[in-house]
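Alright, structures below, take your time with them.
Common to both upcoming complexes is subunit A, partnered first by subunit B, then by subunit C.
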Partner chain A sequence: MKFLTTNFVKCAVKSCDASEKSFPLKYEECQLQSEEQEFNPAFIVSMLDRIDWDALVSVAADLGNRSIPAEKPENIEQNEALLRELHSLLLETQIVEGKMMCQNCGHIYYIKDSIPNFLLPPHLAN
Partner chain B sequence: MDDVHADVRTRYEKLTEPYMDCTFKFEVVEYQGAKKAKKEQIRIIDSFKYLGLRGKIRLSNPAQVFTVLQSYSIEADLCPRSEPDYCWFGRQVGLSARSHGIVDRYEIAKRPYFGTTTFESELSLVTCNLALVKEGQLVYDPFVGTGSFALAAGHFGGYTFGSDIDFLALKGGRPGQKDIKRLKDNFKHYGTQTKFGDVLCMDFTNSALRKDLIVDTIVCDPPYGIREGLRVCGTTNLESAKLTENKLIDGEKAFLRREYVQPKKPCTLDFMLDDLLRFSAERLPVGGRLCFWMPAADDEDIPRLIPQHEKLELIYVLEQSFYRWSRRLLVYVKRDGSYTGKTVTKEERAHENNFRERYFNRFI
Partner chain C sequence: MSRPEEIAPPEFFYNDQEAKKYTASTRVQHIQAKMTLRSLELLNLDPDIPQLILDVGCGSGLSGEILTEEGHTWIGMDISADMLATALDRDVEGDLFLADMGSGVPFRPGTFDAAISISAIQWLCNADTHSNEPKVRLTRFFNTLYGALKRGGKFVGQFYPANEDQIIQITGAAKVAGFQCGVVIDDPESKKNKKHYLVLQAGTSDRPL
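Up next, the complex of A and B:
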């Protein structure tokens, strides 16, 4: 699972939809791997429109990375150093194993073999 | 052909002006026609003499190619009609990916990873083409399986995500295979690895994608319940649901453990399709497309089985037929607030699309 994907997923339990605490999930006991990918600044810039910056900062902190600025900087397009850092974080960082916890309902999801599993037990599904 | 000439004669002067002195050649391209004798082709080409092109004719690498397109229909005796139904005349501006051998290159057997549900190469590419997948888009297949649509979307430049309820399909490998391959390896094989987003294991009806994430395009082949399960998370046995909720293993809640396997229960195609339309209407931007395949037995009142959503306009219904059943590629476009369609969910549809049951009863 790429770091980027953590910015797209919330708790799957329907009754958590309304709660702001269900996104982002809290990442724990994660095993990371770096997988090299060609640097494409235009792609990172285009993805930024879809990215929730606060969530990005908070998940980065879960994984021990505190170097991302708390506020989304202006003119990122011209900031190559930051674009490279985002590239390495969003696209090259793979979470191979780990836990994701919903901070609203406390449910725990697992990442196994690089694949996050959001299937729900019967009492939480509908 | 007479109509084509009548039309071309009224306006060719402006159109041919820039190409009067270019090297050129003519081509006659037919759909379903009988192969034409050289003489007949030349007769058609000569009939355009009045264009007065002054350039040299060059058969290989001409600067311009002028093409006569003819479409024939097939008679009851399976032979093409003698006259075409439609004719067009035009200047070639580009050729489709098909002419670069794409269908052959994406043949299923040539991929590192595939399975029993893998959708055929040609129609996966056609589906993504009709979905208008292009560079820079976020494309999502909610029933990704072995990822035929995702791979095709990646080819057209879409950044692709997929999800599936079947963890093993995502994890990859085939029985007896030592070197385990998965969807990502297919992207690597075709040199499109930068277009592979991720695959997630989830039940589409309990989605983990955040509500405000904009997905540009949705392409999929929903489960029919034949080669794969048509299932959602849950159990029909409420007793056992209660039990798992409270079950402890080593003092820990069983359902919170890494090894816990979430039970699944059957659901209906209609339920899944209604959810697919609702989901798409919520996440697609205006102009974004949803393309998926719907199976049905041939003797059903098929138009009345097609789901509708008030914000999605159904623009194409394209049929592929099999013995006693067929499936249709449905192409919907998300419209803005001024569009008022009618939502037709399973409650309002004439009857159930119980394709799975019909299939196993051989459509009798």
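Up next, the complex of A and C:
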């Protein structure tokens, strides 16, 4: 799973829908891998609009990266160095194994072979 | 031939052997590719902006590969671990989620520019167990899909309805969730080639439907 996806995925349990604590999930015991991807600056720019920067900073910290600036950078279109950094963080950083915990209900979602398991036990589904 | 929906739930029907067989069939590949391209045509996305797309029931990534070829980034979800394992083997570009669409689309509001689904949503109409009530699952799916799309974002889903009643159930649940809703039928006269596409839009957009 790409780091980018951590900025979008939230708890699937219905009773967590209305809770602000169901996003972002809390990442624990994660193994990361870097996988080269084609650099597409237009995609990064269009993603930045919808990125929740606070969530990005906190998930990066969960994964041991505390070097992300606290504020979302502005006017990045012309800043190729920054675009490349974001490309490497968002698209090339993969979580291959690990746990994601909902900070509202405490449910743990496991990532195995890069695939997060969102199948809910019957008492949590629907 | 009986419909796979009548044999077993998807996570059992598409076991390791079925997943490999399905994915390797050139006939399946050809049909899936054609339906994916048709779905993209119905989505009518802005070709100048690379998009983030959700693929519901992504299977082994046959449709995802076309999204990649078209320059899009995608996230796929599927209930069959074996289908997803086949997708991993084939090195697809998209992120893969093992998830049941009937328990919802687990992404925060406004995540996706658009969503597609090829040959999957009719499964929502099946009641495999007492807890799997189709109405509850359809409602959960469409409500959360609506939320996960950006305003004006579209969903196009090719599906195989077993009968007219399933079309009514599906479009009914989509409308209740707030979607503008239509069904496009290609080759309506041909029993073999007839294809249904559910076309939904979450709110209004300046791009034509």
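Simple rule for what comes next: the second predicted complex is superposed on the first by the 126 of 126 C-alpha atoms of A that agree within 3 Å, B and C clash if a C-alpha of one lies under 4 Å from a C-alpha of the other, contacts with A are read in each partner's own complex, and residues count from 1 in each chain.
Everything below uses one rule, namely that a contact is a pair of C-beta atoms (placed from the backbone, for glycine too) under 8 Å apart; a residue touches a chain by one contact, two chains touch by 3 or more.
Everything numeric here is computed off the predicted structure, so don't read it as measured data.
Peer 1: Quick one: is A:V9 in contact with subunit B, with subunit C, with both, or with neither? Answer first, second, both or neither.
Peer 2: both
Peer 1: Between subunit B and subunit C, whom does A:I108 touch in the aligned arrangement: first, second, both, or neither?
Peer 2: first
Peer 1: Just checking: does A:L32 make contact with subunit B only, subunit C only, both, or neither of them? Give me first, second, both or neither.
Peer 2: In the superposition, A:L32 touches no partner, neither subunit B nor subunit C.
Peer 1: Who does A:N117 touch here: subunit B (first), subunit C (second), both, or neither?
Peer 2: After superposing on A, A:N117 lies in contact with both subunit B and subunit C.
Peer 1: In the overlaid three-chain picture, which partner chain does A:V57 touch, first (subunit B) or second (subunit C), both, or neither?
Peer 2: neither
Peer 1: Taking the contacts subunit A makes with subunit B in one complex and with subunit C in the other, which residues are shared?
Peer 2: Common to the two interfaces on subunit A: residues 1-2, 4-5, 8-12, 14, 17, 23, 37, 40, 43, 46, 50, 52, 113, 115-120, 122, 125-126.
Peer 1: Taking the complex as given, what residues does subunit A use to touch subunit B?
Peer 2: 1-2, 4-5, 8-14, 17, 23, 37-38, 40, 43, 46, 50, 52, 107-110, 112-113, 115-123, 125-126
Peer 1: How about subunit C: which of its residues touch subunit A in the complex?
Peer 2: Within the complex, subunit C touches subunit A at residues 49-52, 71, 73, 75, 77, 79, 81, 84-85, 88, 93, 95-100, 102-104, 106-108, 110-111, 131, 133, 136-137, 140, 144, 150.
Peer 1: Over in the complex, which subunit A residues touch subunit C? Could you list them?
Peer 2: Touching subunit C from subunit A are residues 1-2, 4-5, 8-12, 14, 17, 23, 37, 40, 42-43, 46-47, 50, 52, 91, 113-120, 122, 125-126.
Peer 1: Please output the residues of subunit B touching subunit A within their complex, sorted ascending.
Peer 2: On the subunit B side, the touching residues are 136, 138, 159, 161, 165, 167, 170-171, 193-194, 197-203, 206-211, 213-214, 232-235, 240-242, 244-245, 255-256, 258, 260, 262-263.
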